[in-house]
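In this document, chain identifiers A, B, C, D, E and F correspond to the written order of the chains, with residue numbering beginning at 1 in each.
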């Protein structure tokens, strides 16, 4: 899908871009939203979800960015690692945080395969109570 | 691989089990290590790595468990979700933490596919400096 | 693997290329087949399978291309999205079709992880009858 | 997460369950929603998204279910295959449709790996116009 | 899909089962083929491909089983690990072979994620010659 | 993460680079290690693990490289396929070996999805003995 420039946006897409700019206090709108703008309904749904899910809650916004990156690295999504890496740094992620994230994600991906390959049954102690 | 009971362990495997019990201050050793005990060299390597990587550092141990779970959910490893879910709860994870983790992992897995399917190029602003 | 030009093909590979051109009524043979041409047996097997599987059946050929893309987006295969995106457009896929495909694939990838992460057991109503 | 019975629902979760029942014209609410009900905000978001995305549009609802299953099979989500398999059958999916879906998903997963393993570059003809 | 018993097979499916039994010199036909038998054309295609691909070639049949398992563990396919684990043992795989396979697959899955997460560019030395 | 040049290495990272060069009997250190060098502890852990796991054992080093590639192709890690492809060729992998590897990995990825999508239960004959 071609990326849409500001002057090519439908009114519905422009309204979402306005909210992205206001929420982030920045004029920059990254390519992901410019591709999704071909479908203004989906653009709004994804933006509203992202805004809600990544906001402060029981977990800190920087931690949420790290969790997002953990999933994205596991899926191999280069765009997502680049864009949320920038977001995480803006929210305080240091190089030490990132290298520890890599170590945990690397360990998880290794031991996930060992658990599956060795066909390890779930311990009774880890099963949910009825 | 059959799970090894304590009396079936080689001396090298028993030494790792002793360290697992001492480190966790608990007699319980879960099935993952009982399957891996067929290969004492690999058992020691994985245990030493897990002990180091999941220890406090720039990131809190509970957060590291959440990152581990984010990768494991993305990979679909039931054993890993069950065992590290128990570890995360023991380190303070609440139901609210877990539901927010699910929301972030769900969002990441959705937007990872949108970014790939829409073939979104990485913005210049997100590229590493030379 | 280096891409093979027409004059580098073995007789067995050339015969497959001839069939690709005749079937598609086009002289263009895309890079996938030029890489696979190093192994003429595998080239023929994959081409025959693709020709059969993607042909009209209970499902329409354009729908089959969308299903192919749904799997390829989930796997993150850029080449496959690009080549089958072109095939789908040639068979009638509109921009609206593609954006709906993205919405379904995004939803599936999100809810797949929620179902796994929440360890949801299969309802009795969904189990196959004995 | 324990599955919530009807009498355990918060008012916010109950309102979503009421809409699920009204929309589907059935009293049955499957386990996925009973697990997600621990977080009524997320429950409502996912339900509203699913209702909108899976509704008739440029693509037929049965086709959308097949696309959902194509992604779920690629991810290996047993719960999702079982529940959306039931939904697809209710919307007209025959055994022949399902076996053709399997053939396309199988082919895609094979050729995705061949394209990646052979490091096939995207043909100029498949690149988006500037 | 319900598993088909011998007396439920179509003539076309029965012919494939006869070849499976003759090739393997055993009366036992495992569940995978009994599910696929609903679609005799696909049953024949997959069986012929499996017979050809897993046969002795430049690589030994036991090694091919290990490669099959390496991919299946990475994908998390329990059925495939169980069935090809049995095949590999029948072709000479020892416990030591299996534990080394696990170590390599674990390492690959870890370093795959490190390479992606650290966004490591391919070295010029590893690029194919023009 | 920026790639570190030799003159930017910490003492701890330099010691690992010295061992990489001595072990491989080559001055060339590829980009993966230059990215990981930001975290000397992780650099050492991964290098020691890789050196041990990929060494001759019950399985031949070239076979271990093929197993590594089978997992990396399944994950879609371009860097890993390129770097371990070079390592495998250096250890004797021919074009015929590589094309057979591709055929096995393609078959596994296809049949993994068929087994999951058809919800095939594990045969009693493949279950581990108690």
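Methods note: a residue touches a chain if its C-beta (ideal position, glycine included) is under 8 Å from a C-beta of that chain, and two chains touch if they have at least 3 such contacts.
Keep in mind that this is a model prediction, so the values were computed, not measured.
One copy, chain A, sits rotated relative to the other, chain F; on C-alpha atoms the angle is 120 degrees to the nearest 5. Comparing chain pairs B-E and B-C, the larger number of C-beta contacts belongs to B-C. In terms of their C-alpha centroids, the spacing between chain D and chain E amounts to 27 Å.
Centre-to-centre separation between chain A and chain D, using Cα means, comes to 20 Å.
Within chain C, residues 1, 46, 49, 71, 73-78, 82, 101-103, 105-107, 109-114, 116, 118-119, 128 each touch two or more of the remaining chains. The touching residues of chain E, counted against chain A in their complex, run 69, 73-74, 76, 78, 81-82, 101-102, 105-107, 109-114, 116-119. Note for the complex: chain D touches chain B at residues 1, 38-39, 42, 46, 71, 75-77, 128.
In the complex of the two chains, the chain C residues touching chain A come out as 76, 95, 98-99, 102-103, 106, 113, 119. Taken in their complex, chain E has these residues touching chain F: 1, 3, 28, 30-32, 35-36, 46, 49-50, 53-54, 57-59, 63-64, 66-68, 70-75, 77-80, 82-83, 85-86, 94, 96-97, 100-101, 103-105, 107-112, 114-116, 118-123, 125-127.
Interface residues of chain A facing chain D in the complex, by the touch rule stated above, are 1-2, 41, 45, 49, 52, 128-129.
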